[in-house]
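Before any comments, here is the structure.
Letters are used for the chains, namely A, B, C and D, taken in the order the chains are written, and counting of residues starts over at 1 for each.
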C-alpha cells in the first residue's frame, strides 16, 4: 500500500470533519439536511476508498448503504416529515453558533491530544484518521447537545454513526460483522425514529422535544 | 464467745442510738426555746410524745394501701440500722463492715424512698408536694454527700467510717482547707436532710413550703410515732457522722473492753450536745428560705464538696 | 462444534429465537403466556446443564467461569419473570391497558430480549456482544413504550436517544479494542475473541486500550445506568410494563456490566494500561450517593426502585473498581443478589400497582394489612435490598466495605454513608407502603407469588450458604479481574 | 458440649419462628412459640451457668460451613460469652414465660410470634459469634427482628416513626462496627476473632476502631447522644419485647463493646477510658433527666435504660483506664462492677417492663397522668414493680445498689491514676453518677407513686384488673433475683471472676470466702458492704418494731376521709400529677438541659375558660445533632432532584460532559 492511498483516505477523513463543522454551523432546517447528505456522501466515498485500498470488497456494501440510505433516502424522508409537520423554520440553538464552533474546535483539539500517545504499527496516519473519526463523533455529540429540535438531534446522531463507520472502515480487516451491525442499527434507528415521530405527530403538534418534556413523570 | 460479746456490744449501740435520739431532739428544741427566751418543753418531752402516739388509735385514710401502713416500720428500721452502723462511742464494731459511708447514705435513701411513696399514697395534694420536694432536695444532697465521702476517701483511703475515724484521729491529718470545706458541705447536707431551717421547718404544719411534714401529714398514732422516732434517729446519725469524722477524739476501738467504752461514751454524748447546740444556734439566727432557693443552697454544698476533693489533689501535689 | 456442550449453547440461543417467532405469529392469547413460560423454562433447563457440560470455546461463543453463572441467572430470572408476566399481563388485558395485538408483540419482544441477552453473555466476540447488547436495548425500548401513554412514549424516546448514544460510544470503544489487538494478533476474528484478548492483552498498545476503555465505560456505562449517564433508567422502569422493569433491573443492567467486566479483564491483563479502578470507583460512588439522595423525593414506586438499581450498580462498579480478591468476589456476588432481589421487588411492586391501581406511593398504604403476602414480600425485598442480613446482599456489602476500609477509608466511609442515606429513604417509604392503616383497594390480588418468594428464598439462602462450586468460579473470575 | 446445645437451641428458635409464620392465625401458636422459647432459653441458661461456674476455662469452639464461604461461621463459648449468655437467656426465659400469659391477648400475634424467637436466637448468636462476619450478621439480624417487633403495632401513631428511626440508627451502628472490623481485619480480610487478636494495631488504627466501636455499640446500647431511637422504639414494642430490648439487647450491645475494646483490640490506652467515661457520665445524667420529664410509663423506663447503660459504660471506661495503667486489681473491680450491673439492669429492667406491660394490658394506658391507685386493683403487680423500682434506684438491700456501689468503689480508686486528666475527670464522673442515682430514686418515686399509689385518675385505672398468673410468675422470678443478687452478691461477683480475669488479667478477691459473706472490693479497712446483714437487720428491726408496738402499745386502726390539712373531699384531679411531681427538678435542671419554658395561660376575671399551664421542653441533642442532618439531607435531595427534570438534551449534555471530562483526564494523564 503506498502513501498516496493513505493520503487520500486521510483527505477524506479530514473533509468529513470539515463537513461536521458545516453541520454545526447550519441554522436552517433544509440546508441542514443537505449538508447531512453531503456528510453521508463523504463517508460513502471514504469507505469506498478504503475498500479499494484494503482490497476488501465487502466494504463497498457499506459504502453503498451509506450512500443510498443516508445520503439519499433519509434526507428525503426527513424533508417530507419536515414539510408535513410544518416545522421548516429556523433551528433553535441553545448557545450561539460562534460558541458552538469554538467548542467544536476545542473538541477536535482534544481528540488529537488524546490520540497523540497512541503508537500503532501502521504509523501516524492511522492515528490521525482515528483522531478525525473521534472528532466527528464528538462534533455529532455537540450537535445533539446544542440543538433543541428533534430533527437536528437525529441528524447529529447520524453524523456520529458516520464517524463510527469512518473509524470502523479505517481499522483494517475488522470482520464484516461490524459493518453490518452499523448498517443494521442505522436501519432500526430509522424505523424506530419513524415510528416515534409518527406517534409524536399523532399526539403533539411538533417534534420539538420541549413538547415531550412537558409530560414528564413526577413533575408537579 | 468473743463473737457473742461483739454482737452484744453492737446491740448495745443499737439500743443506745434508739434511746438517745429522742433526747437529742428534745435537747435541740430546748436550746432553741432558750435562745428565743422561752422555757420550752421538757428534755424528755419527745419520749412522752412518742409514748402518747404509740398508744393512740391509727386513723387511716380511706385510700391508704399497704405501702402506707408498712412504710413507717421500714423507714424506722432502715434508719435505725443505719444509725447503729455509724461509729458512736466505738469504731470497728462487729457489724460495721456491713456498710460504709456510701451504703449508709444509700440506706437513708431507701428510707426516704419509702417515705416519699407514703406521701403519695393517699392521693392528697400536700403529700405530693412533700414527696416531690423531698426528692428534689435529695437529688442534690446525695451527690454532695457522696462527694464528701470521696474527699474523705481520698484522704483516709477508705469509705469505712471506722477507718476514717481512726485516720482522722491520727497525726497524719493536719489542718486542711479541704476538710473545712467538706465539713461545711456536710453540715449543709445534714441540715437539708434533717428538714431543718433554713431548708425546711420541722415545727410547722400550715405552710406551703413544708416538705417533711407534708409527707407525713396523713400519719397518726403509732405510725406517726415510729416516723418521728426515725426522724430523730436520722438527726442523731448525722451528728454522729460529723462527730466521728471531724471530732474523732475519745472514740474507743472495738475490743478494748468495757472500761474504754465507758470512757468514750461521755465523749460521744458531749459531742452530740455540742452539735445539737450549734444546730440550735444556727437555726435560730437564720431565716427559712424559699423552696426554690434550696437548690442553690445545696448546689453550694455540692460545689464545696467538689472543691474539697479537687483541692486535695493540688495540696497533695502528687 | 458438535459436542453436547455446544449443542446446549446453541439451544440456549435457538429456543428463545424460535419462541419469539412463534409468539409473534400465534394468535391465541391464552396459550401464548404459557408458551412464553415454556420457552424460558426450556432455556433455563438447557442453561443449567452448562454446569455439567462445558463446550470448547469457539470464536463466536464461549462458556467459561465468567459467564456460566450469569447465563444461568439470566435464564432463571427470565423464567421466573415470564411466570410473573403471565399473571401480570392477564390483569393488563382485563383492564384493557393492552390489546391482544400488543400482547403478541410483547411476547415476541420478550423472547427476543432473552435471546439478545443470552447472546451477549455467551458471545466470545466483542462485536457480537455489542450487537447483542444493542438488540436487547432496542427490544426494551419498544417494550417500554408499549403503553403508548405520554409518559411511556417519552420514557421510551429518552431511553432510545440516550441508549443510541451509548451504543455509538461503545462501538467506537470496540473498534479501538480491535485496533489495539489486530496489530498484535493480526486481522480477523481472533482479534475480537475474548479468550484470546485476555491472554494476549499484555502486548497491546496501552494508550489505545485506555482510550477504548473510556468509551466502553461510558457506552456500556449508559446501559448500566451509572450516574450521570443514568437518565433513561428511572423513567424506562417506571413507565414500561413491570415485567420489563424487572428484566431491565435484574438482567439488562447486569449484562451491560458484564460487558464492562470483560473489558476490565483485558485492561487489568495489560500492565501499561491505565488502571480502570479509579474511574469505576468514581462513577460508582457518584451513582451511589446521587441515587441515594434521589430516592428521597420519589413519588412513583417503580421509579424509586429504579433509582435503587442505579445505587446498586454504583456499588458493584465501586467493588470492581476497588479490585482485589475480596472486593471482586463481592462485586460478582452483589450482581447476582441484586438481580434476584430487585426483580423480586418488581414482581411484588407490579402486583401492588395493579391492585391499587396506582404507582403513586402516597396512595398506597398498609399493604401488610390489605395484602399480607405482597406486603411482606415487599418488606422482605426492601429489607434485603438495603443490605440487612441474613441475605447475600449483606454478605457482599460486608465484604466490599470491610475490604475497602482498610485500604481507602475515605472511600469506604463515603460509600457507607451513601448506603445509609439510601437505606433511610427506602425504609422511610417502606414504612408508608407496608405499614399503617390500609388505603386504597382491598381487592384480592391474583398474583403469582412463587417467583417472588423463590427469589427471596434464594437470596436468603445465599446469605447463609454459598455453594462451593459457585465460590470457586467466582474466586477464579475475581483473580482474572485483578 | 454446652456450645453445641446452645446452637441447636438457636436453630430450634429459628425453626419455631418459621413455623409461627405458617400458624400465625391459630390461637395455640402463641402458647407453642412461647413454650418453645421458654424451654430453649432455660436450657441455654443452664448451659451458660454451667459453663460459667463449673468450666469457665474450657472455651469450646464450633465452626460451621455457612456464612462467608472460605471462612465459615465460627462460634466460641468463653467466659465472657457465657456471662452474657446468662443475661440473654435469663431475659429470654422470663420474657417467654411472661409472653405465655401476656401474649395470649396479642391482637397482632402474626406480627409478633415469628419474630420473637428469631430475635432471641439472633441475640444468642451475637454473643457466641467468633468471627466478624457472623458477629455482624447476627448483630444486624437482631436489629432487624426487633425492628419487626417494634413495628408489630404499626397502626398506633408514632410507632412507624419509632421503627424507622430505630432501624436507621441500628444500621448506622452496624455500619460503623462493620468499618471497625474492616480495620481490625485488615485488607486481607482475616475476619476470625483469633486472627484479629493476634494483630497489632497502630495508634491511629486503634483510635479509629475505638471511635467506630463506640459509635456502633453505643448506638445500639443507647449511649448519649446516640440514644434518640431508644425511648421511641423500646416502648413501641409489645411489653415483653420491650423488656427484651431494654433489658437484654442493650446488654448485647455492651457485649459487643466489651468484646472489641477489651478483647480484640489488645491493650487499651488511658484516654480511651476517659472518652468512654465521658459518654457514660453524660448518658447517666441525661438519661435520668429525660426520664424525669417523661409521663409515658414505658418511655420513662426506656430513658432509664439510657441512664443505666451510662453507668455500665462508666464502669467499663474505668476498667479501660485502670487496665491501661496496669492497675489490674482496680481494673478488675471496675469491670466486675460494670458486668454485674449488666446483669442487674437486665433483671430489674425486664421486671419493670413486665409491670408496665401488665398495667398497659389492664388499663390500655401508658400515660401516668391517666393512671393512679392501681395498687388496690393490681396488688401483686404493684409489689413487683415496687421492688423493681427500689432496685433500679440503687437502694439497698437490692441488687442495683451493689453494682453501683462497686462502681463507686472503683471511682474512689481513681486518685491512683497517673494521668491528671483522669484524676480530675473521674471524680466529676463520680458526681454525675451520684446525681443520676439520686435522680433515679426521684424518678421512680414518681413512676411508682403516680401510677400505683394515690387515687385513680380515670375510669380506666379505676376498672383495672390484676394480670394473669404466668405474667406474675415471670415478674416474681425477677423479684426474687433482685433480692438474691442484692443480699448475696458475693456469689455473683465470684461467678464473674473468670470473665474479668480474661478481660483485664486479674480478678477481684474471692468474695464468698469473706466472713459473713461481706463483699470487700480491695481490703476490709477500705470499704465493705454486706447486703445480707443489712437485709436481715432491717427485716428483724422492722418486724420487731411492728410486733412490739402491736403487742404492747396499740393495734387499733380505723378508716376515715383523708385529713389533708382540713380540705374536704377533694377530687382525684387535685392529686399531684407526674408533671407537678417533676416540677421542682425541672426548675432546677430543666432550664439548661431542656431549655424548659413554662407558659401560664390565666384567663381574665370573669372569663370562664380554664387556666392552663404549658410546659415546653426541647431535646437539645435532637435539635443540634439530628435535626440539622435531616435538614441537610432534605436540602441535598431537593437540589439533586432537579436532575430528574432535565430535558433529553440536558441529559445528553451530561453524557457528553462525562465523555469530554474523561478524555481530558486521559489526555492530561498520558
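FYI, a residue touches a chain if its C-beta (ideal position, glycine included) is under 8 Å from a C-beta of that chain, and two chains touch if they have at least 3 such contacts.
Keep in mind that what you see is a predicted model, and the values were worked out from it rather than measured.
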Task: Distance-maximising chain from subunit D - centres being C-alpha averages - done: A
Task: Result of counting contacting C-beta pairs for A-C and A-D, higher pair - done: A-C
Task: Where subunit A and subunit D are represented by their mean Cα positions, the distance between them in whole Å - done: 68
Task: Computed distance of Cα centres, subunit C from subunit A, in Å - done: 31
Task: Length of the line joining the C-alpha centres of subunit B and subunit C, rounded to whole Å - done: 77
TODO: Mind checking the centre-to-centre distance between subunit C and subunit D? Centres are C-alpha means, answer in whole Å.
DONE: 43
TODO: Spell out, as numbers or ranges, the residues of subunit C touching 2 or more other chains.
DONE: 157, 161, 165, 169, 207, 211
- [ ] Quick one: which residues in subunit B touch 2 or more of the other chains?
- [x] none
- [ ] Give me the residues of subunit A that touch two or more other chains.
- [x] 114, 117, 141, 144, 153, 212-213, 216, 218
Open item on the list: Per the touch rule above, enumerate the chain pairs that touch, sorted by label.
Closed with: A-C, A-D, B-D, C-D
TODO: Please name which positions on subunit A make contact with subunit D in the complex.
DONE: 94, 107, 110-111, 113-114, 116-117, 138, 141-142, 144-145, 147-148, 153, 209-210, 212-213, 216, 218-219
Task: subunit C residues touching subunit A - in the complex, by the definition given at the top - done: 125, 127-128, 130-131, 134, 138, 141-142, 145, 148, 150-151, 153-157, 160-161, 164-165, 167-169, 171-172, 174-176, 178-179, 182-183, 186-189, 191-192, 205, 207-208, 211, 235, 238-239, 298-300, 303
Open item on the list: Using the touch definition from the top, list the residues of subunit C that touch subunit D in their complex.
Closed with: 157-158, 161-162, 165-166, 169, 207, 210-211, 214-215, 217-218, 222, 228-229, 231-232, 234, 274, 279, 290, 293-294, 296-297, 324, 326, 366, 368-369, 372, 383, 386, 388-390, 394-395, 398-399, 401-407, 409, 412-413, 416, 419-421, 423-424, 427-428, 431-432, 435-437, 463-466, 468, 471, 475
Task: subunit A residues within the subunit C interface of the complex - done: 114-115, 117-122, 126, 130, 133-134, 137, 141, 144, 153, 157, 160-161, 163-164, 167-168, 171-175, 177-178, 181-182, 184-185, 188-189, 192-193, 196, 199-200, 203, 212-213, 215-218
Open item on the list: Applying the document's contact rule, which stretches of subunit D touch subunit B when the two form their complex?
Closed with: 372-373, 375-376, 379, 382, 386, 390, 393-396, 401, 405, 408-409, 411-412, 415, 423-424, 427-428, 430-431, 434-435, 437-439, 441-442, 444-446, 448-450, 453-455, 516, 518, 520, 524-530, 533-534, 537-543, 545-546, 549, 553-554, 556-565, 567, 570, 572, 574-577, 580-585, 587-588
